[in-house]
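Note that chain A is present in both complexes that follow, paired respectively with chain B and with chain C.
For the complex of A and B:
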């Protein structure tokens, strides 16, 4: 799962650094991801994992780190 | 309570690329149907509205775990060209919680940059 998250971040996150260089808990916004890029990341994750993030998950927190993205995807998988 | 102001810049090419990459899924998650009609597919206008939504979020100051869908913040365009902000859903609830009213917005775009400023009055402030 993490590899797929990293691939989406690499393609859509527009980060100035390689996502591979980031730690699980590193703040993606602090690392340079913009709010607008987080939308593309969200849509890219939906494609990659065949899920749809409900409005209640459209928080800054959910897309703030690799760990928080993984936790949200786990939650969606359990609910499916 | 004091008035608040928020400002944001948005990249027109980022919006153009997001539309190219994600199409309607991107447009429907970020913009309301009326905004899409008003923008007519123009990435500069779309970027201006995205900047307005982000500027409004800076005024609303949500917590990191507060869900604030972009489409809850709507830019309405009047025939004379000026724009107004309408809040719905969790954005309206957040404004109420923060004691904010009388939101106003101004948009602009030049080249690859769109900009928006949003102001809101604190209820009970000495504004209008």
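For the complex of A and C:
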């Protein structure tokens, strides 16, 4: 799952560094991801994992690190 | 033909009744399209009174005047991400580039009120959606001085495609903005200072104005992330006044952009920007709603403040 998240970040995150170089809990916004890039990441994740984030997950925090994205996707997978 | 009621956000509370009174008194001059509203002489006079009061409010600000037309290069709107955030509000100019035979078809369709948009092509121009937008590329051109700069746009026409029966929600209206560009700490302090000053100013006009945290109407599900992010970071404040609706109406807003515009237009390594905007028509409507439709009957101190 993490590899797939990294691929989405590489394609949509418009980060100045390679997502592979980031730690699991590193703040993606601090690493240079803009708010606009974060919504591309959100839509990219929905596409890649064939999920739809529910309203309560549409927050800045959910897309703020690889770990927080994985936790949200885990929760959706468990609920499915 | 007027858009049907289904196409238009309905007025809430006493907004519809208020609009009818404004029209009956000749303050507003309605068109066949909701939100596209002319202004009669008494309304224009009030707008000018308010502008002069804002001039006095800004007397010691040292703001630099910059004025722009209500259209801007499409490229600038694309660069700042407006079409990601607010595609539903944007206005784009399309123009005819064809030959005479096609012009004839266009003319015939237009005369019959049929769809002639297929004959047009994007003209590279968009409607300015906020008075501050043209300021940033202009600052890139003239440079931001070491101590920062404050720009006064004057009352500028802006466009938001959100037709409504609410008299306070216009498709085109005047927005007067102050834009501050400078170091991050001075820009933050400037915005907080002006939030208090603008609130005091509006209260001095007898308006029951209150301040609140806010977010912009970002488009779609993904827009929720932007809206919540904006609130969580306290990037936007508004000053709200009851203008007849179920909820109070924002008449001024304060926005912190961090380095968003500064990085898009290369304003400098350590430059942040912020802006404060007065919705001029909304301020006038709030005054009319609060004090009544005739300026001569308003409280003496309010009339003096708007002399």
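Operating definition for what follows: the second predicted complex is superposed on the first by the 80 of 80 C-alpha atoms of A that agree within 3 Å, B and C clash if a C-alpha of one lies under 4 Å from a C-alpha of the other, contacts with A are read in each partner's own complex, and residues count from 1 in each chain.
Everything below uses one rule, namely that a contact is a pair of C-beta atoms (placed from the backbone, for glycine too) under 8 Å apart; a residue touches a chain by one contact, two chains touch by 3 or more.
Everything quoted here is computed from the prediction, not taken from an experiment.
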Original post:
Thinking of the overlay built on chain A, is A:9 touched by chain B (first), by chain C (second), by both, or by neither?
Top reply: neither
**OP:** May I ask you to decide whether A:63 touches chain B, chain C, both, or neither, giving the answer as first, second, both or neither?
**Re:** second
Original post:
Is A:38 touching the first partner chain B, the second partner chain C, both, or neither of them?
Top reply: second
**OP:** With both structures superposed, pick whichever of chain B and chain C touches the larger number of chain A residues.
**Re:** B
Original post:
Can A:55 be said to touch chain B (first), chain C (second), both, or neither?
Top reply: both
Original post:
On chain A, what residues does chain B touch that chain C touches as well?
Top reply: 34-36, 39, 42-43, 55, 58-60
Original post:
Touching chain A in the complex: which residues of chain C?
Top reply: 81, 84-85, 221-226, 228-230, 232-233, 260
Original post:
Okay, in this complex, where on chain A does chain C touch?
Top reply: 34-36, 38-39, 42-43, 53, 55, 58-60, 63
Subject >> Residues of chain B that touch chain A when the two form their complex >> reply: 10-11, 14-15, 18, 21-22, 25-26, 29-30, 50, 54, 57, 62, 64-70, 89-90
**OP:** State the interface residues of chain A toward chain B in the complex, per the touch definition above.
**Re:** 12, 14, 34-37, 39-40, 42-43, 46, 55-61, 64
